[in-house]
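Next come two complexes, and both contain chain A; in the first it sits with chain B, in the second with chain C.
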Partner chain A sequence: MYDPTVARLTYRALLGRRRALILSALPLLLIAISVVVRGLAGADDQTASDLLGGLALATMVPIIGVIAGTGAIGPEIDDGSVVYLLSKPLKRPTIIFTKLIVAVAVTMVFSALPTLIAGFILNGNGQQIAVAYTVAALVSSIAYAAVFLLLGTVSRHAVVFGLVYALVWEALFGSLVPGARTLSVQQWSLAVAHKVAGGDIVTSDVGLTTATVLLVVVTVLATWYAGQKLRTLTLAGEE
Partner chain B sequence: MAVEHPVTAATGDQTRIHNIGYRSYDGPRLGRAYARRSLYSQSLRGAYGLGRSVKSKVLPMLLFVVMCVPAAIMVAVAVATKAKELPVDYTRYAIIMQAVISLYVASQAPQSVSRDLRFKTVPLYFSRPIETADYVRAKFAALASALFVLTAAPLLVLYVGALLAKLDFADQTEGFGQGLVSVALLSLLFAGIGLVIASVTPRRGFGIAAVIAVLTISYGAVSTLQAIAEAQNSTGSIPWIGLFSPVTLIDGVQSAFLGASSAFPGGAGPSDGQGVVYVLVLLGLIAAGYGLLIRRYRKVGL
Partner chain C sequence: MTTLSIDHVSRWFGNVVAVNDITMTIGPGVTGLLGPNGAGKSTLINMMGGFLAPSTGTVTLDGQPVWRNEAIYKHIGIVPEREAMYDFLTGREFVVANAELHGLGAKAAQKALATVEMEYAQDRKIQTYSKGMRQRVKMASALVHDPSLLLLDEPFNGMDPRQRMQLMDLLRRMGDEGRTVLFSSHILEEVEQLAWHIEVVVAGRHAASGDFRKIRRLMTDRPHRYLVRSSDDRALAAALIADPSTAGIEVDLAEGALRIQAVDFGRFTALLPRVARDHGIRLLTVSPSDESLESVFSYLVAA
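Moving on to the complex of A and B:
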């Protein structure tokens, strides 16, 4: 199910040349802001939770997830070079699964790791906040990468749709319409974080069981359907 | 099978040039200004998907509708309830709808320049009478105009609605004028930022994500820091923090000079002196965007 060559090519496509540098700008910004906030406000649990929840989990993880998830397959389909990959004797689901692993790994490294560092800078993991948000970032990395990888195989405008989901649906609708929060990767991962942190600083609108089931179902379904989609891929011409 | 032709050796002066009727072009040559104007109008139409496939019309038109519908609803409410004033200031509208504007810039700036880079059509443009500066100016002006249409249309809806609801004419006209100046500055700034980022990458997807990341993350970071500064009672630093993201920059300029109420935490807008700094930074950023684009296109594709 895992092909090292495909993985290596995908890593190169995602991180090759100067892309790794550009991608690491976001985590560095998060860490810089945490240092500034720690300097200004001192160690405060609520501030740490607000910053990690608002900036890291709500903005940074989805954006990195969009870049890694759609970037793992989108450009190849876009410029047509995916036919060289598809013409190799590899199962299409294997290609998708390998690309998913790579996208998940990249999202985790560039979002969960800085979240952990930022959490320790902000309040030294007081009340398990840093660990809780890191777990949330890890969990949501998997779901985001799977969903956005599927989007990359379905649409040529995957990045836009991914961002619309992440910024408009989760952030805007989620804050206005309570029902929208049930269908939000962010809330599902917060439910897991709530379980880890224990206390009531990290809260979620979704129960842990619902969240876990939905996370697993969404990830598996998205990966399976992306594999199916790649089996019947038609290469579009000019958009 | 191809028939083998015996190769006849050219002996003596058997060669001749046939006149097969090619004619040189003697029509009008429309020149540089015409080419620049065409590039501008094509880019502007392209920014709304006109002259392109149906699929590429969907997103810009959808965002345009999403931008205008809240204005129409506000007007309808104001007319129905015979309100004394509109529920939202003209200057505030773009700040509220910033997510839609950011998405529009992020989706249209890369489609305007990234595809030219990826399909290596930039040298073809420069084989025409236009020069680097013409290309940059046409693209910049086209995206800024498209953004201005996007942001000014809902203001127009609000203004017409306000007049229909018989609100005070002079008052509304002044607000509308201030709103137009504010969205014009916003259009120039966003177009500059979007194009500079998009012109660096030939990949459309990466360009979209990079533009949106710069616009939303800088806003998220700045508003978080401002909220913390307010909680720490250091309100003096709030306006200075606001300099570091495009949306708060526009917000500061319009609350200093265009009679808007600031959206900063605690309503702590910049003072007049800080307002001057805001305007300088804003103009500097627009000029820097233009300069960077010129520098980028001096080398690219040649």
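Moving on to the complex of A and C:
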């Protein structure tokens, strides 16, 4: 199910110089803001939770997910170099699963790790807030990577669609329309964070069971479907 | 023995028909797929390589379907036309990766790099390669698993004459070894120099098939038209018309040139400069007026 060569090619493409810079920008911004906030306002649990929930989980994680998820396969399909993977006796689901693992790992490193660091800077993990949001970032990294990997497989405009989903649906629409929140990776991961933190400082609109089921279902379905799409991927060429 | 069978294959995109009911069998040796740009060669090659489903018909390799059959790639090597190929890797890393994806190791990669004579630049990044070097590394990646069928889409595009000759030698060798090699080209001379067998595709249809002599005859036996300007058009016309290789000559006063119709291509091309020299006439322009590939192909289709 996992091919180390596909993984190596994907890592190197994802962490190429320019993309690595883009991937590092938001985490660095988060950490910088945390340092400033801590310096100006001191350690405050509510502020820490607001910043980690609003900036890290609602914005940074999905954007990193978009870059890593779509970037794990989209550019290869766009420029046609995916032909070197497809012209091999490799099961298509193996290619997708391997790329998912890489996308998940990259998303986790560039979103969950900075979330943890920012959390410790903000309030030294008081009320388990840093750990809770880090767990949420880890969990949502998996679902985002899977969804955006699928998007990168089926659409040439994956990055645009991904950003629209991440920013409009998750951030804007979700905060206005209550129903939209139930169908939000962010809310599902918050349900997990709520469980970790205990208390009421981290809240979610979705129950833990529902959230877990939806996270698993979305991840599995997206990965399976991306594998199916790759089996019948048409290389149109330049004609 | 590896035989690629294309059986009543059509492919349309929306309401554009790219490939129209083509049936052909490609056997061992070097086959050239010849056709003008936009004739459907790439579409056909993509279907042969399993990257595009035929709208109707089937493509099989020794009886095995090619579409949605990953296992078939143990036997197929593909050299795509597109340039993109993990430019951030070195040539060696790229070929090794291709070998690993076939379950092979660095040894197979090294052998393939030696075959295409790219060892000298194997540790340079692909993004620094010239077109010809890229082409050779692509070739190495296609050869790494010793495939019995090799598909190459416009492999000579953008290569300089020396690189072209090297690749031709290599493909010839592959054909001699009993592999089935198919390459596409829109350049007649390329195909003629290399292919034992030629398939001609024009506007999505299978226009001709046969060995190159037969195709060549179809090409050269047709009347050729030339536009010739010289220091003395009428004297040249009188001297040329005496030879049976010339069927008609028109003095085009508006153009200030001769329009010559030659029936024996080989003989006429030898005759013209000789006649001019013997009569002390200077040739100012000699240009084939219908030599464009399209006219050659349309002639073939009509034949």
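Please note the rule applied: the second predicted complex is superposed on the first by the 233 of 239 C-alpha atoms of A that agree within 3 Å, B and C clash if a C-alpha of one lies under 4 Å from a C-alpha of the other, contacts with A are read in each partner's own complex, and residues count from 1 in each chain.
Here is the rule we use: a residue touches a chain if its C-beta (ideal position, glycine included) is under 8 Å from a C-beta of that chain, and two chains touch if they have at least 3 such contacts.
Quantities reported herein were computed from a predicted structural model and do not represent experimental measurements.
K.L.:
One more residue to check, A:3. First (chain B), second (chain C), both or neither?
P.N.:
So A:3 only meets chain C here.
K.L.:
Scan A:12 for contacts with chain B and chain C and give back first, second, both or neither.
P.N.:
Second partner only, chain C.
K.L.:
For A:205, decide between first (touching chain B), second (touching chain C), both and neither.
P.N.:
In the superposition, A:205 contacts neither chain B nor chain C.
K.L.:
Touch test for A:164: chain B only (first), chain C only (second), both, or neither?
P.N.:
After superposing on A, A:164 lies in contact with chain B but is clear of chain C.
K.L.:
With both complexes overlaid on chain A, does A:45 touch chain B (first), chain C (second), both or neither?
P.N.:
Neither chain B nor chain C is touched by A:45.
K.L.:
Per the contact definition in the header, classify A:91: touching chain B only (first), chain C only (second), both, or neither.
P.N.:
After superposition on chain A, A:91 lies in contact with chain C alone.
K.L.:
After the superposition on A, what does A:83 contact: first (chain B), second (chain C), both or neither?
P.N.:
In the superposition, A:83 touches chain C alone.
K.L.:
Both chain B and chain C touch chain A; at which residues?
P.N.:
Correct list for chain A: 79, 238-239.
K.L.:
Spell out the residues on chain A that touch chain C in their complex, using ranges where they run on.
P.N.:
3-6, 8-9, 12-13, 16, 79-81, 83-92, 231-239
K.L.:
Looking at the complex, which residues from chain A come into contact with chain B?
P.N.:
Those residues of chain A that touch chain B are 19, 22, 26, 29, 33, 36-37, 40-41, 47, 50-51, 54-55, 59-60, 63, 66-67, 70-71, 74-75, 78-79, 156-160, 163-164, 167-168, 171-172, 238-239.
K.L.:
In the complex of these two chains, what residues of chain B are touching chain A?
P.N.:
52-53, 55-56, 59, 99, 103, 106-107, 118, 203-206, 208-210, 212-213, 216-217, 220-221, 224-225, 227-229, 231-232, 234
K.L.:
Can you list the residues on chain C that touch chain A in the complex?
P.N.:
Touch list, chain C to chain A: 18, 38, 42-43, 46, 49-53, 68, 70-74, 76-78, 80-82, 84-86, 88-89, 97-98, 100-103, 141, 153.
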